[in-house]
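Letters are used for the chains, namely A, B, C and D, taken in the order the chains are written, and counting of residues starts over at 1 for each.
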Amino acid sequence: MPELALLEEVIEKVRPLLGQGKVADYIPALAEINANKLGIAVTTRDGVTIGAGDYLEPFSIQSISKVFSLTLALMHYEEPEIWSRVGKEPSGQSFNSLVQVELEKGLPRNPFINAGALVIADLLQGRLGAPKQRMLEIVRGLSDNQRIGYDKTVARSEYQHSARNAAIAYLMKSFGNFNNDVDTVLKSYFHYCSLRMSCADLSKAMIYLANGGKSLAGKQLITPVQTRQLNALLATSGLYDGAGEFAYRVGMPGKSGVGGGIIAVIPGDMSVCVWSPELDTNGNSLAGTAALETLSQTLGRSIF
Amino acid sequence: MPELALLEEVIEKVRPLLGQGKVADYIPALAEINANKLGIAVTTRDGVTIGAGDYLEPFSIQSISKVFSLTLALMHYEEPEIWSRVGKEPSGQSFNSLVQVELEKGLPRNPFINAGALVIADLLQGRLGAPKQRMLEIVRGLSDNQRIGYDKTVARSEYQHSARNAAIAYLMKSFGNFNNDVDTVLKSYFHYCSLRMSCADLSKAMIYLANGGKSLAGKQLITPVQTRQLNALLATSGLYDGAGEFAYRVGMPGKSGVGGGIIAVIPGDMSVCVWSPELDTNGNSLAGTAALETLSQTLGRSIF
Amino acid sequence: MPELALLEEVIEKVRPLLGQGKVADYIPALAEINANKLGIAVTTRDGVTIGAGDYLEPFSIQSISKVFSLTLALMHYEEPEIWSRVGKEPSGQSFNSLVQVELEKGLPRNPFINAGALVIADLLQGRLGAPKQRMLEIVRGLSDNQRIGYDKTVARSEYQHSARNAAIAYLMKSFGNFNNDVDTVLKSYFHYCSLRMSCADLSKAMIYLANGGKSLAGKQLITPVQTRQLNALLATSGLYDGAGEFAYRVGMPGKSGVGGGIIAVIPGDMSVCVWSPELDTNGNSLAGTAALETLSQTLGRSIF
Amino acid sequence: MPELALLEEVIEKVRPLLGQGKVADYIPALAEINANKLGIAVTTRDGVTIGAGDYLEPFSIQSISKVFSLTLALMHYEEPEIWSRVGKEPSGQSFNSLVQVELEKGLPRNPFINAGALVIADLLQGRLGAPKQRMLEIVRGLSDNQRIGYDKTVARSEYQHSARNAAIAYLMKSFGNFNNDVDTVLKSYFHYCSLRMSCADLSKAMIYLANGGKSLAGKQLITPVQTRQLNALLATSGLYDGAGEFAYRVGMPGKSGVGGGIIAVIPGDMSVCVWSPELDTNGNSLAGTAALETLSQTLGRSIF
């Protein structure tokens, strides 16, 4: 367990980086965020959570929700049902590219690029009765925080700017790899992305990835093997087109969102969440990545 | 340390897979291999090596040599000299594709695809006096085996079928990312690939990856940080376009060669080498991957 | 003016090719066509139309409608309004590829691939009051045939299989190159494609391309310069990814549809329409292309 | 036959465009040219040549030589021997791209992009005794000018910057579509490109394209059908990735070179050559294209 002082040191060490990145501005609701926010939280396997900076302030988790979606899919589907519809390989292309989807006949490369996450959302739509409600319950339970909710303004704003994701979904549909109504699935997908959670909420919620699939409350969400596999996918594909650099610098499985959050995992040990809204050119939190790198070096802990 | 009996079990468990893959046949010298060979060796951090099956029989290490090349480059160049000429990201494309190199203006995605390894070979050519001789010395030292040598027939045969690699090198040259004579570098590169080593040789040689950069003989080749970084690159890019699947199934940083060898690492613990000449559709040893998967499951050890 | 006997000869010469192509089957309504249909009609600049074979039988004109759409757009928009939204170059890719549209940031290569035709349909939607009704009036007027109509079954069937075209439209929308509601434009677009016309209807309707923009009835639809330009675009981009081969063999500007029709033009002289439902691998009528090639050779007439 | 005064008018009309383009500078020998040169020459079917501006000054014909190469290949090979190794379709990509060649397994799209011209040069190397000498004789004969020669400085300079073309040739070799020594063929290829000819030379040499394959001296180089076919290929693929725009504006089959020359043809009538070294963004002479457009409009002559 890192000392609280260590987290505060990490925060102060990376604070000078604020101002060097760029807040996501493709939807107005995200662009309005205070760019100077900076927080970190760590949850250990034994259930203790500590944090520094703005670690209690909720933010838009965006693509970090793709980890919850995949986990939910693993809970409701047999693995072949999932892996026949989405691959496990890094994409080598930007997160919202259609080129790969067309060349590979509608099969997205992995569940963490948009195309793959839309297929997962399509799966959830097909089997869960009320997927948006179910997602909320799961996430609230994992974080032990009943106040977690969707940001309707963000969800609506994303939906109004959803042409690119609609294009991806229709392209997969044209290859037979999308079953439900595109519009309905897009709405669910944007709701998942609009979840507002704090670093503390996220580090708590993600502890199952460091704990063989078992949540804070002791619920076995997925098997230990599935947990290892999910971490493996995060390590190779969790940071868009910056997964290699992230592994090189940070050395933990992780997942980022354009809201500036990044979750990371030291399997068997702890889950971490950092937040800083300004992004680097790959779309990952600039100061957040640096904070994780510093934490990894200071703890001398990495999976490598 | 796994028991010898465990390695023998692993071998017997995967032996039924022989016959399901396809031996590399793009050069005659490789196609002639006995397809039924199967071996495994493990070297622990304290220097003990055990093995089962054909683990003492030398084979053509092919692309596994890319790990040695990058290590040599790290020993002779400052890091920015290397990373300004080759990236750190998974390619998302076949190992010998020119498309990515053209679209990204001559910068190969990582040091383990052919384009990246050719850039590394170009670097070695530029700074080492006699790169082929130097490589041999290094590898012999790491394995503590003076009989390791190049297979001149394989090297010559690869050179005679080198049009694709020549195309890649010239394409990078056209973007200013290749400095030495293409022909000379290709000859060195094919020599590195033609190294003949056994599973025992390779697991011994690779122990520095599990030991903070320190070789069997106690020599610090690269720093502990560089070692973690190299393992990170292997985890995200070491298995061509099958890195995600390999991480998912095996969960260790690794590197494969079309000769049927795969090396893998449990950082801080042990290095492993498996060999079986038949390849899967991604060009990785089919039974070898299964052997590593079994080993990982049985030991309950993975980086994730 | 070719003799009627010549047209009959052409028909008999290519009839043995029936059975060598493949009827379009991506929607049921098209797959049901009698594959043995074969017709040709020629209209000369002085207004005479002759034909042979099934030249009076209406068929689904499909992409031939893209010529009418572009003509209508030229009649209702200033040229820069059109050419700032769609290019004039051959695509070098399949007619419904999204790769080019993504790489070139939402700008389709030309008005005769699907992406370009959808942009044109978006333009028509924006300025014409009732575009489907207007298209019908124009086409009926050009062919002097009030019985020409839409095939509602085909239009509905195409709409039900429209995922690919929806993906293209949404992709362009994501780049700001699509203004109207995607669904509405798709419905118009599929109506245009579903027009049922005979070879006689089409050769009459297209005579303006051979007559400096003037229709059979003497109406100046577009200027002589625009007519030359439209013919130039047809010559370089009118036959999907088979434009080069078509120019090489036939040597006339032309436009094909997956219903098996092809229209072609000898500027200053005559318009031609052939019909045979079986397609070659590029999606162009196999016997139809051969008929035009034979006609071109026999008349000794080509633009080259 | 256009009047001489008309050619002078054309020249004066486009002269104000000088300064708006950019001289090719990828090799020093080309960059040194006087950017203000401007010339035009027309040769009619009956053998008369007139010109204006710098029409008697020799320049580097560069890719215009690809027309001579293909013609020579047609003279020495059966057509299937040629068209099994190079396609007839527009490429939709930049003239020196390797992407298409890799995706289409070593088959270049047409004989006028670099890849295609290298295959043609490989063919010539295989069957002509002394291809460089033979090319010189042909060109001198066609222009009736024994002083035409290679510019050794340009040829050498291009060879020294030949990495990109070497990459293309080796890539095709890796697919089995290149038979001779790459280096030897590159040297021949660069010699062809380095031919120095004037507008007058070129318009005379190209008259066979307007005259059913018959040269000024009355020699039948290729058949009338082959001539029509060659013109068709020029119309669809002769101007790199600007063929559609050129057809739209000029409406003649043509071929450009980075030296600033463009040849164009009105089949059955005349051949034209313009020269102005500054290029547009597609690599075609900016003022030259405008001159051809003006000529086409003034004469009211186009193939469309």
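Going forward, contacts are C-beta pairs under 8 Å (C-beta built on N, C-alpha and C of every residue); 3 or more make two chains touch, one makes a residue touch a chain.
Since we're looking at a predicted model, the values are computed, not measured.
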item	value
Shared interface partners, meaning chains that touch subunit A and subunit B	none
Computed distance of Cα centres, subunit D from subunit B, in Å	47
Whole-Å separation of chain centres (CA-atom averages), subunit B against subunit C	55
Subunit A residues counted as touching two or more neighbouring chains	none
Chain-to-chain touches, reported pairwise for every pair that qualifies	A-B, A-C, B-D, C-D
Sites on subunit D touched by subunit B in the complex	97-99, 102-103, 163-164, 166-171, 173-174, 178, 182
Touching residues on subunit D, where the partner in the complex is subunit C	87-93, 100, 109-110, 225, 227-229, 231-233, 235-237, 241-245, 247-249, 251, 253, 267, 297, 302-304
